[in-house]
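So that you can tell them apart, the chains are marked A, B, C and D in the order they are listed, and the count of residues begins at 1 in each.
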Amino acid sequence: MVQQSFYPCDSVGIFFDDKNMSGNTLGKIFCVTNFGESHGKVVGCVIDGCPARLPLDEEVIQKELDRRKPGTSRHVTQRQESDQVQILSGVYQGLSTGTPIALLIPNTDAKSKDYTDIEHLFRPGHADYTYWKKYGIRDPRGGGRSSARLTAPTVAAGAVARWWLKNHLAIDIQAYMLQIGTQTIAFEDLLFVNQNPFFAPCQDTEYLATYLDHLRKSGDSCGALLQVIARNVPVGLGEPIYDKLDADIAKVMMGLNAVKGVEIGSGFDSVEQLGSQNGDIITTEGFLSNHAGGILGGISSGQDIVVKVAIKPTSSIRLPRPTINTAGEASVISTLGRHDPCVGIRAAPILEALMALVLIDHVLIHRAKNEH
Amino acid sequence: MVQQSFYPCDSVGIFFDDKNMSGNTLGKIFCVTNFGESHGKVVGCVIDGCPARLPLDEEVIQKELDRRKPGTSRHVTQRQESDQVQILSGVYQGLSTGTPIALLIPNTDAKSKDYTDIEHLFRPGHADYTYWKKYGIRDPRGGGRSSARLTAPTVAAGAVARWWLKNHLAIDIQAYMLQIGTQTIAFEDLLFVNQNPFFAPCQDTEYLATYLDHLRKSGDSCGALLQVIARNVPVGLGEPIYDKLDADIAKVMMGLNAVKGVEIGSGFDSVEQLGSQNGDIITTEGFLSNHAGGILGGISSGQDIVVKVAIKPTSSIRLPRPTINTAGEASVISTLGRHDPCVGIRAAPILEALMALVLIDHVLIHRAKNEH
Amino acid sequence: MVQQSFYPCDSVGIFFDDKNMSGNTLGKIFCVTNFGESHGKVVGCVIDGCPARLPLDEEVIQKELDRRKPGTSRHVTQRQESDQVQILSGVYQGLSTGTPIALLIPNTDAKSKDYTDIEHLFRPGHADYTYWKKYGIRDPRGGGRSSARLTAPTVAAGAVARWWLKNHLAIDIQAYMLQIGTQTIAFEDLLFVNQNPFFAPCQDTEYLATYLDHLRKSGDSCGALLQVIARNVPVGLGEPIYDKLDADIAKVMMGLNAVKGVEIGSGFDSVEQLGSQNGDIITTEGFLSNHAGGILGGISSGQDIVVKVAIKPTSSIRLPRPTINTAGEASVISTLGRHDPCVGIRAAPILEALMALVLIDHVLIHRAKNEH
Amino acid sequence: MVQQSFYPCDSVGIFFDDKNMSGNTLGKIFCVTNFGESHGKVVGCVIDGCPARLPLDEEVIQKELDRRKPGTSRHVTQRQESDQVQILSGVYQGLSTGTPIALLIPNTDAKSKDYTDIEHLFRPGHADYTYWKKYGIRDPRGGGRSSARLTAPTVAAGAVARWWLKNHLAIDIQAYMLQIGTQTIAFEDLLFVNQNPFFAPCQDTEYLATYLDHLRKSGDSCGALLQVIARNVPVGLGEPIYDKLDADIAKVMMGLNAVKGVEIGSGFDSVEQLGSQNGDIITTEGFLSNHAGGILGGISSGQDIVVKVAIKPTSSIRLPRPTINTAGEASVISTLGRHDPCVGIRAAPILEALMALVLIDHVLIHRAKNEH
């Protein structure tokens, strides 16, 4: 049954012809401008607003990029990218100078021929369709601009942010997997998170491997649920009314490819809670619970910031599905390129980077208006 | 058990003394700057960027404010505010002139004495604590700036936005209740939404009244779950990579007082879905489903935009709870002022306003970069 | 001789019909949003980003408004406006709270009938024509939005800014007249500036009064040249490459009604200077000169910031001149309303306010990125 | 005589230690983010907001860069940079895609050893001093970030802007020299501007060559006066009150290295003009004069936009001058690196680029709020 016909965009003058966008900058003071395409020469970003005299070299950034990079296990895309970052500017003799830091990550393993079949077809659940309608042109190679590859510059910029946050405020950020598809993960210890390919906080992840092997062979994909926690965040961050800390966290998390839901603290469970349960009691020794997820009235409370993120299944799957082409004709599509069967698996380092980027920006904004 | 001690903010120089914020402007082109306090002289806003020659008078705005205003049933706060809006500028002979539109809503029923008891106490779950820590000063009367009363200017500005969207693109926005506390609501028809005090899409709401009467008498409060839908949204809105349409929707929704979770389309259900289920099939006659909630790759697809929002229970309750005062000493608090037992009840018109504000801004930004 | 025919705007689709603007906010952190029209109910502004705990009341602001207000001598417009400012929000018990400060200045002496003759005529040199072409609508009463009356909110916001700058950094700002029309003013002492109606730094201003009396009787108007100086500005303000301190000063000064030229330091005299003259020598005891006007490479040097501003003659004059009407037909116009014969006379307090607004914003931005 | 002692920055906590900036992005919709240092690996920029489907290749950009590049005559710096631009992203099959366009210009002839002598000395009139005080660190090689070399990315971005403006609105922009040092230039014809190394609108420029040869041999430098004109600018651009078109033009022009004065139309001559002279008469066939320089009330009038810019003499000169070093001790400096004796000579293409960047941004902002 057809649930909704196409919006007749062509009949509305303003949504017809050549189109454009911007919106590729994140942050107000610590600003990250992202550029590049999946199969272009490079992906990269410019960080404008990093405080001066931060000790900085490629190593600091590379460490985080390596956690995100593809090809590290059979459960993620087999594209082989070393993701070697180059610092082009803004660092002199090992210190940031306060000027823009341009970061470049060359693309080395782009197999664009894999994608020629889908140049004129829209993958269900993919941005192919909307990019085409918005701009009247798109770079289809590897998903072009809508590829998850564009999270690499975000991770690189986030590495600088978390390094600064670590050095100056001892803020610590960690993301981990709560669920892959139907497989929930019992929390054991954060120590395990970086010891398995799933960022799972448990020792035995064989059942996840089995689940994903099966899924991959079936040609299908699945979603994931992750949690990200920031510790040692000072009380007072966030700019109500509109630029609240939770608002900005929700923005960056929902803005990550494939994310469809964001919760702070008790999140959707708050609906059924009573006020007497949900309100975290304050004692002379601290809060007795953290239903608020570390944010009250849009301002950090000094408790851990706790965020949950739902990621939908990868939209590029091998299973054939009906679709239409750019000419509007019916067709069938089966995506053969290299794809993550569960795009959420590599999300942990990205969520950490996004959290770091929001926090550093709010720290700097807050500092702007402090008395001394 | 104490879960986390206070962050020792006072020992970190930058988070100690006098503090400040801004962040009270929403939007990039259609910009709303919000001002006022719950028990000050007025609340209000300035809209900068409304296109010229929009037919506009107080009536257009008042209609929406009346849907949000307090005191309309026994299930919401008994504060009696007529919420009469005044247009101070930007309209000449019944048409917007393209210059800033200042809107004023006087406060008439502020009973500040109700709050004297809590001037130096922090309500659990409330912004009292974080405002105090952030600014070193707060207006405690009626919650001051953190009061839900500050959503009135947002609704007023949203009324202008939705009026423009209705006139120019026939966009239609509607929010309704899915659940109050433990009471789920079976969807019957949108016609019922404005016929009961709960914005519930069903005819018989007696069970909700009974539930809330019981709750109110107990001195406690509960949460709520709402859905907001936008129809006739053109394909192509949204500015990837960071300023995606869903990112901006998540930001404004999470930024509303008491909201703790936001979902687009299938939201958290996406985690357990397979890619073959979740990807909405495109046919020559339209999409066959709407798991995406109307947004693909951060850009509107032309389908309905579907958002779910979780609202926590009101933090101001009559039940006594332990807390501390501004001097850091242990105390007990019981909030006797007039409060909504379920702040989510009046959220529907606010969610609609927020959706309208995001959409008009993205329409105008999109239009900026269109070819002609 | 016709120098240039009209641009055929009507044939370019995008510049024809209803139009709009925004751009009514100044500043990035200390943000001032200006609203109102000359003969509307009010003029006013919202300050978002003022640091908390600044002692503040109407008195602080009124003092500056009184220096700008009309009707104080026979040499300025005879409109009688008391310009009484009201603080609507953001101040609690005599201190700023860090939340938006809304300021309102009611219009009390608006004689709109004076303007009915010119509702459909364009004054040569006035914004009548461009507003009409841009928006397709304008409020013609008293110049509507393009009136110099809209500088009152700027002065009010500037009063808050300079009060903060004075208290926190001992920054001192003063503007004074260098020339009115053909009458140059010999500098004697800054003490005289506030002792005559011309903001002239000299004791005897009788010759200026005589010149302006003659001018007023002739039905014509003249321009003015002013200088504004900021003292005790710390070294280090300004954000190169684009948001340099001098760039932002030039923006706000040129953005003031009727300003046609801005110089920093030696300004246009720099053209004929040699590098060996122009470069201010640095010694162990300070700079030996100030050709730079206190800014090097877009960053304040710690020297006085020195700016000169050229203001054109008032475009509303009694002398009849040929023009066209909104229908494009030839006509003649003579402006009989109350106007300043030299709009530059009241510019000094406005220039000071603009300088204060730029400086506070740069101080706060700078502070955001400082190490501690 | 010491005119002013140093501001005691070290005694003010907030202006002492490590420091930072941002402010390296120009524009609101067509946004240019500039990065790089004079002797780093590269200079470059990211353009975010270029409309899609603009035909674009390196050629379009290179043409403008070649007009600005060094080493083209004996009258400019002898640094040999081919300034070969690379488009890294945002273009697919010869068309802009609406995604960020990253541009890279490698530095190839950086002779940093020339600068070792001045690593710890401040050149009078140069940004050395203020960068050092602001950031506590600077890249001294070739002036680092404060070098005029950073105008290359501005010219590159401006080339894209003017190409779009030319294609879509037939806007034409041209800058030329009015005066070099004491040598005024009689206007003959714009045809000559690109036929001599001085961008002079006259045929015989031998006297300028002689003047500059003499100057260069003397080890000194001089200033310059240029004019930039934009033709076919539609009526209606500019966003009053604060973001006026002339305000934004003044900002970018004053923000260019070494600029100390900006005039629009009659500029400083307006001071002595009467209102009856200065107001440009409007007839049924157009304006009879252009004292306004094409802007009335901050909005373009459809007439030519006419701007004059004063550029100070190069601060890096061979003549020895007293100065201090980073330790605050007295010293003497003589700059031996390769420098332009008159930095204004290469300014024409940069002024054109800046004008193009302001205009395209205002065209796109204006379009955002147009009715259709």
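Everything below uses one rule, namely that a contact is a pair of C-beta atoms (placed from the backbone, for glycine too) under 8 Å apart; a residue touches a chain by one contact, two chains touch by 3 or more.
Predicted model, so just to flag it, every value in this text is computed and none were measured.
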Any chain that touches chain B and chain A: C, D
Selected pair, greater C-beta contact count between A-C and C-D: C-D
Distance between the centres, which are taken as Cα means, of chain C and chain A, whole angstrom: 45
Distance between the centres, which are taken as Cα means, of chain C and chain B, whole angstrom: 38
Distance between the centres, which are taken as Cα means, of chain D and chain C, whole angstrom: 25
Residues of chain C touching at least two other chains: 13-14, 18-25, 29, 34, 49, 51-53, 98, 134, 145, 365, 367, 369-372
Touching residues (chain side chain C, partner chain A) in the complex: 28-29, 49, 51-53, 98, 168, 364-365, 367-371
Parts of chain A lying in touch with chain D, wherever the complex brings them together: 13-14, 18-25, 29-31, 33-37, 40-44, 46, 48-53, 88-90, 92, 95-102, 134-139, 144-145, 372
